[in-house]
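Next come two complexes built around chain A: one with chain B, the other with chain C.
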Partner chain A sequence: MSATTTEASTTKTSRRRRKKKPFRLLTRRDMVVVGLLLGIPAAIHVFFVWLPALLSIVLSFSRWNGIGGVGNIDWIGTTNYHQIATIYPPFWPAVRHNLIWLGVFILIATPIGMYLAVQMDKEIKGTRFYQSAIYLPVVLSLALVGFIWTLIYSPDEGLINNLIGKTGQGNLIDWLGNPHLNLWAILIAASWRHIGYIMVLYLAGLKGVDPTLKEAAAIDGASSRQAFFRVVFPVLKPINIVILVVTVIESLRAFDIVYVINKGTNGLELLSILVTNNIIGEASRIGYGSAIAVILLIISLGIIIPYLFRTFRKDEAAL
Partner chain B sequence: MTTFAQRRAEKRRQSEASGVEGRRLGLRIFLTITALVWLLPLLWAVYTSLRPYADTARLGYVSIGGTYNLSNYATAWSQADLPHYYINTLIITVPGVIITLLLASMAAFALSRFSFRFNIALLMLFTAGNLLPQQVIITPLYRMFLAIPLPHWLSDTGLMFDSYFGIITIHVAFQMGFCVFVLSNYMKTLPKDLTEAAFVDGASVWRQYRSVVMPLSRPPLAALATLEFTWIYNDFFWAIVLVQTGTKRPITSALNNLKGLFFTDNNLIAAGAILAAIPTLIVFILLQRHFVKGLTLGSTKG
Partner chain C sequence: MTNPENPLGTEISRRRLLQGIGAAAGLAVMPSVLAACGSSEATTTTAAASGNQTTTAAPAATGTVSVGSNASDEVPRTAYQNVFDAFTTKTGVDVKVNTIDHNTFQEQINNYLQGKPDDVFTWFAGYRMQFFADQGLSTQIDDVWSEVGGNYSSPLKSASTGLDGHQYFIPFYLYPWAVFYRKSLFEEKGYTIPTTLDEFKTLCGGIADDGLVPIAFADKDGWPAMGTFDYLNMRMNGYQFHVDLMGGRESWNSDAVKQVFAQWAELLPYHQEGALGRTWQEAAQSLVNKEAAMYVLGMFVGQQFSDEERDDLDFFAFPEINSEFGQDSVEAPIDGLMLSKAPANMDGAKELLKFMSTGEAQGIYLASDPNNVAAGSDADTSGYNSLQKKAVELIGSAAHISQFLDRDTRPDFASTVALPSLQSFLNNPSDIDGLVKSMEDQKLAIFGS
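On to the complex of A and B.
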C-alpha cells in the first residue's frame, strides 16, 4: 500500500519503468490471479486444440485401428504418406477438388465480393437493402446452404430444371449427381455465401480509407478504376491479407455443404471429408486420417504463420 | 479563343455530370438485379415450403395456384421433433457462448494489461488455433474424447464423447482463440491510466478485470456474443463427429435426419430448412450491426 502511494507521486520516467515491470508491484495474491486468468484459458485451448494438432503429426506415422489401447499402435514411419499418394484412390481427386475450390474462391468469389463492396461504398440510394440482401447468406450455416440449394438443383423438383424444361427422363440434368457437374454446382452455392462474407469484410476496410486519398487521385486526373487499383487497393493491404487468409482457410475447411449433399462422394471428395471418413467411416484407420490431416495442417500453417508474423510484428516493436 | 476553351470545358463538365448520373442509374439497376438474385434461393425455399406436396406434384414446382398454408411447417415441426433439437441447441449454445467469452476476456485482460516474456507468442497461439481447419485436430480429438472419463452427472455415457459437456468444451476451446484476439486488441486501446488509477487505489487485479476493464469492453463483447451465437448455432462438423446419438445432436446437424425422413418431399425439406434458419435470421434482422461489427473487429487490425 505504501509502495503504491509513493508510486502515485513519482515522475513520468519511473512510470514508464513501471509499465515494463509490473510484477514487482503486484502482491503475491495478484500474481496468482493473473496467472490463473491467463493460465486456465490457455491450458484449455492448448489441451483441446494444439495437443490434438501435435498428436495428428505423431499418429500419422502409425498404424492403429483404434481397437485396444495405445500399446497396440504400430509405428510404421512414412508408410501412410506413401500409400496415400500411391494407392489411396480418393486422395488425388480430393486434392484436385480442394484446389478447384480454392481457385474459384480466390479468382472468382473473392473479387466479386470486393467489387460489390466497392460499389456499396459509393453510398448510392438503397445501399442498405443491397448490402443486407447480399450478406444475408453469411448468417446461415453451410449445411443449411446445402439444403436450400438442393431445392434449386433437384433433378425433377428443382427450380433450374423446371425453368429450362429438363425434367423429363431423357433430358434430365442431374446437377448434384453428375460427377462432372456437382462440384461446380456446389461451388456456386458456397460462393453465394462467401461473396457476402468478403463484401462485409472489405466494406469495413473501405470505410477506413481516408477519403482525401481518393479525392487527391481524382484531382490528379485518375479514373475511378485507376484510383482504386493505384491508391485504395495498396492502402488496404492489411485487409487484403486478412481476406486471403480467410479465403484459403475457408476453402480448406469446406465440409458441411458437401457432406449434406452426398457425404463427399462421387465427384465431391475433399481432404476434410477423407480425414473424417477415416474416423467415423466404415473403417477406422487412424494413421491414414492423421496423415491427411497433417497435409491440411501444413498447407494451413503455410498461410497462417506468415499472416501472424505480419500482424504481430508491430506489437513486438511496440513492447 | 477563350470563349471556345470555356465552351469546351463547360461541355465536358456537363457530359461528365450526366455520365455520372447515367452510371449511377446503371449501378442501381445492376445492384437491384444482384440483390434479387441473391434473395432468390431463400425466397424460393419459402415459396416451396408454403405449398402442399400434392399441389406441386399436380401443377409443377414452378407454378402458381393451389393452396398456400403452413401445413408443411406443422408437419416438419412435429414429425422431425424439431422442438427437441432446438432445446439441444440451446443446451449447447448458451453455455458455449458465455464460457467462451468469460475465458477469452480473462486471457485477453491478462495479455493486454500485463507484459510477460511470452505475450506475443501466446497471442499468436490463440489466433492461429482458431484458424486451423477443424479436421486437422479431429482424429486425435475423437480418441481423446473416447478416453476421457466424466462423472455420470455430467455425461450419461461417462465419457467426453457423445456428451453435451464434451461438445460445449470443444466449442469453448476452439472459439476462444478468435475472441482472445479481438478482445485483447480492444483492451489494448483502453487507456492505461484507467487500470493504473484503480491499481493506485489498491484495487486487486481481479477488481481491475471485473469492475474496470469488463464494463468498458461491453461493445466488443456484444459483437462477439452475437457472432459466437451464430457460429456455435451453425456448427455441423463437431456435432456430427463427436456426438453419436442422433437425438442428442443440435438442430443444424440434426437436419441430416430430416433429409432421410422426408426423402423426396422437397416441400417439407424447405419448411424444415426455414425453421432451422429462423434463429439466425432473427440475429440477421435484429442484431445485424453487432454481427457485422464482430466480423470486422477481427479483420481490421494491423
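On to the complex of A and C.
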C-alpha cells in the first residue's frame, strides 16, 4: 500500500516538476543513488586522507608516546615546532637535502629521462632493449636497489674502490660514510631509478603526438631540434605537468633508498626519514614526528598548489 | 511496474549494486568471525588433549600458552621451537608460537603490547624492559622469581628488576662485548694482551707500525660504536654513572662525558678509517682476513668466522682506564621473556617462564647457537666451545652487567639523539663541547615533562 502511494506521489511531483523543467533527467531516487555512489568514495577519502592529515596537525601540538588512551596526551602548544627548529640537529640538514634532491631531479635526472625518451621515440635500432634496460631499475624492489648500490659503494669490498685501488687505511674513499659525499652518491643511485621512470612516462606521451605535426614542421624546414622545442614540447603540455608534479613528489617523498642504506643518518637526513625515525619504533615521539610531517606537508603544498593553480588557470583562460 | 522516469530500468540494478557493496562489506567481516570460530575450536581441542596428559604429569597449569617471538631467523626459530616442544612434553601445556619478523616486532611493540598480546613475549633486559613495565604493559613475576631466583647471579637479577623493584623479566641467554682478536695473529706477531689503557695504546701503536689496522671499526648502522662509548664511559666513570647517564639523571654536558669523548678522540687514529660507510660484518671480515688485529664487538662477531677458524677467535676484557673501577663491568645484553599485561593463561604462562629459567631449556636453545651463553647458573657448560666458556668466566667475574646503550636508555633517545650524535662525533671529533651540549638539550626535551 505505502509503496504504491509513494510511487504515485513521486510520479505526481515529478510530473509537476516536468512541467517546469522538461529536460530534467534525474529522479529523486537517482539523486540518492548518485549521492551514495559519490558519497561513499568521498567519505572513504575524507576518512583515510583528510582525517589522518588533520589528526597529524592536531597531534603535532602534543607530547604522546602512543601508550594509553587519548587522556595521556600532553598538549604542549608549539613546543615541538620550536624544538625542531632550534635544538634538533638533523632538521635543517634534512630540509637542505630534500631541496638538493629536488634540484638534482628537476635539473638533471628528469631532463635526462626526457632526452632518452625522445631518442627512444626515434625508433633507433634496439629501442626495445634500451627501453627495458633503462626501465629495469624502476621494476627492481627498493631493498634490492639499496643492496646493489651498497655493493658498489662499500669502502673495502665495493666495486668502485676496488677498481680504483682505494681500499687501504689512509687512502680510502668512504662513499657512503663521508657526509659530504654520500648524498651525491645516493643521488646517483636515485637518479638511476628516476630516469627510467620519467623516460617511460614521457615516451608514452610522445607516442600520442600526431606524427603529421612533426611532418608539417619538417616540411616547413624546421630542424629536429626546432621541431621538438617549438612543436612537440608545447603540444605535450599536459604530460609535462605530470612529469613535473611526479618529479616534485618523488623528491619530497624520497625515502626508501636512503633508509635501506643507512636509515637516514650521517649526511643522508631527509624529512620523510625524520618522520619515520620519530614515530615508528618502541617509544614513539608521535607529537614530534607529526610536527615534522606537518612541515613536510606544508612544503609539498607550497610547491605543488601554486604551480597547479597557475597552470590550470591559464588553461581556463585559453578556453 | 516500470518507473516512467526511468525508461532504461537501471534503477533495480543500481539497487542490486548497492546490495552487492553491502554484501562485500559483510564478506570482509566474515574472515574475522571465521577466525574467531577457528581459534576457540583450537583451544578447546588442545585443552582436551592436554587434559589427558595432565593425569601423568599433574602440574597445575593446563591449556595453551601463546608466545610472541621475535626470533624470525631460521636457526633461532627452530631452536625456540625445540625448547617449547620440550616444555609441552614435560608439562602437557601446549605452546602456540606467534613469530614476527625481528625488526617489525621491535617497531610495533607499542601497538602489540596495547592490543591483544600473546601471554608471553620475547624482549630485552634493562631500561627497555623497565620502560614497558613502568607503562603497565607487563605483569610482575615476583612469585616466579621467588622459585627460580637462585639460578641467577645478582647482576642478572638487577637487570630483570623494574623501576618499582618488582621482577618483570626472565633472562634466557646473553652474550658479552669485549675486544676480539685472532690468537694466531697475536702469536705470530708476539703481541701481548693489554689490561690497562697505556698497554692498549702501546699495542695499537705496535700494530700500526706492522702495517695493520689496530682496531676494526664500523658504524654505518649507527649502533656498533655505542659499544665502544659504553666501555670507555664505564671504565672512566663507573657503572653507576653509565646507568644514571642513560636514565637521564646525569648531564651529557658534563666534564665526565666530555672526557670520555676526548679519550675516544685520542684512540680514533687507531680505528679503521671510513667506519661510517661500513657495516659490522665488513669490519669483521677485516679481522677474519688478518688486516685488522682487534675489534670491540659482541660475541656475535663469531658469525663471520667459518667453523674451523672460529677456534682461532679469542677475546680479552676492555682494558682498565680508572683504577677505581678496574674492569668490574661487562657489557652483556640479555635476551629473555616477559609476561604481557593480562595473559589469558596465567598459570600456563608462569609455568613456561619457570621452565625457560632452567639451564635445561637454555641448553636446548644454545645447542644450535654457539654465539650466546645461557643465563641460568645451572646450565650445562660441558658442550660449550672455548669462546663460550671464556664468556661465562667473563660474565661471572663481573660485578655489574650493562645492557648496551640502546637497551639502557629510552628508545627514542637512543635512536633519534644518541645514534646520530655518535656518528657526528666520528665525523668531527674536534667539536666535543658543541656535541655534548646539543645532546643534553635534546635529552632534556625527551626526558623532560
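Simple rule for what comes next: the second predicted complex is superposed on the first by the 247 of 319 C-alpha atoms of A that agree within 3 Å, B and C clash if a C-alpha of one lies under 4 Å from a C-alpha of the other, contacts with A are read in each partner's own complex, and residues count from 1 in each chain.
Note that in this section a residue touches a chain if its C-beta (ideal position, glycine included) is under 8 Å from a C-beta of that chain, and two chains touch if they have at least 3 such contacts.
Predicted model, so just to flag it, every value in this text is computed and none were measured.
Enquirer: Using the touch definition from the top, say if A:280 reaches chain B (first), chain C (second), both or neither.
Expert: It touches chain B and chain C both.
Enquirer: With the two structures laid over each other on chain A, which partner does A:66 touch: chain B (first), chain C (second), both, or neither?
Expert: After superposing on A, A:66 lies in contact with both chain B and chain C.
Enquirer: Who does A:74 touch here: chain B (first), chain C (second), both, or neither?
Expert: In the superposition, A:74 contacts chain C only.
Enquirer: So, A:290: does it touch chain B (first), chain C (second), both, or neither?
Expert: Once the two structures are laid over each other on A, A:290 reaches chain B alone.
Enquirer: Would you check which partner chain A:155 touches, where first means chain B only, second means chain C only, and both and neither mean what they say?
Expert: In the superposed model, A:155 contacts chain C only, not chain B.
Enquirer: Which partner, chain B or chain C, touches the larger number of chain A residues?
Expert: If we count touched residues of chain A for both partners, the winner is B.
Enquirer: Which partner does A:29 reach: the first (chain B), the second (chain C), both, or neither?
Expert: A:29: touches chain B and chain C.
Enquirer: Answer with first, second, both or neither: which of chain B and chain C does A:49 touch in the superposed model?
Expert: First partner only.
Enquirer: Mind working out whether A:204 is in touch with chain B, chain C, both or neither, as first, second, both or neither?
Expert: A:204: touches chain B, not chain C.
Enquirer: Can you list the residues of chain A that meet both chain B and chain C?
Expert: Overlap of chain B and chain C footprints on chain A: residues 7, 27, 29-30, 33, 40, 66, 154, 157, 278, 280.
Enquirer: So in the complex, which bits of chain A are touching chain C?
Expert: Chain A reaches chain C through residues 7, 10-11, 14, 27, 29-30, 33, 36, 40, 63, 65-68, 74, 76, 83, 87-90, 153-157, 169-170, 172-179, 182, 262-263, 265-267, 269, 277-278, 280-285.
Enquirer: Using the touch definition up top, name the residues of chain C that touch chain A in the complex.
Expert: It comes out as residues 3-6, 11, 14-15, 18, 21, 106-107, 109-111, 114, 128, 131, 135, 137, 213, 220-222, 272-278, 282, 285-286, 410-412, 415-416, 419-421, 423-424, 427, 438, 441-442, 445-446, 449.
Enquirer: In the complex of these two chains, what residues of chain B are touching chain A?
Expert: 24, 27-28, 30-32, 34-36, 38-39, 41-42, 44-45, 48, 56, 60-62, 103-104, 106-107, 109-111, 114-115, 119-120, 122-129, 131-144, 169-170, 172-174, 176-177, 180, 192, 199-200, 202, 204-206, 209, 230, 233-237, 240-241, 252-253, 255-256, 259, 264, 266, 269-270, 272-273, 276-277, 280-281, 283-284, 288, 291-292, 295-296, 298-302
Enquirer: Where on chain A is chain B touching in the complex?
Expert: 1, 4-5, 7-8, 19-20, 22-23, 25-27, 29-30, 33-34, 37-38, 40-42, 44-53, 55-56, 59, 66, 116, 119, 122, 124-127, 129-130, 132-144, 147-152, 154, 157-159, 162-163, 189, 192, 196-197, 200-201, 204-205, 208, 238-239, 241-243, 245-246, 249, 252-253, 255-256, 259-260, 271-272, 275-276, 278-280, 286, 289-290, 293-294, 296-297, 300-301, 304-305, 307-308, 310-312, 314-316, 319
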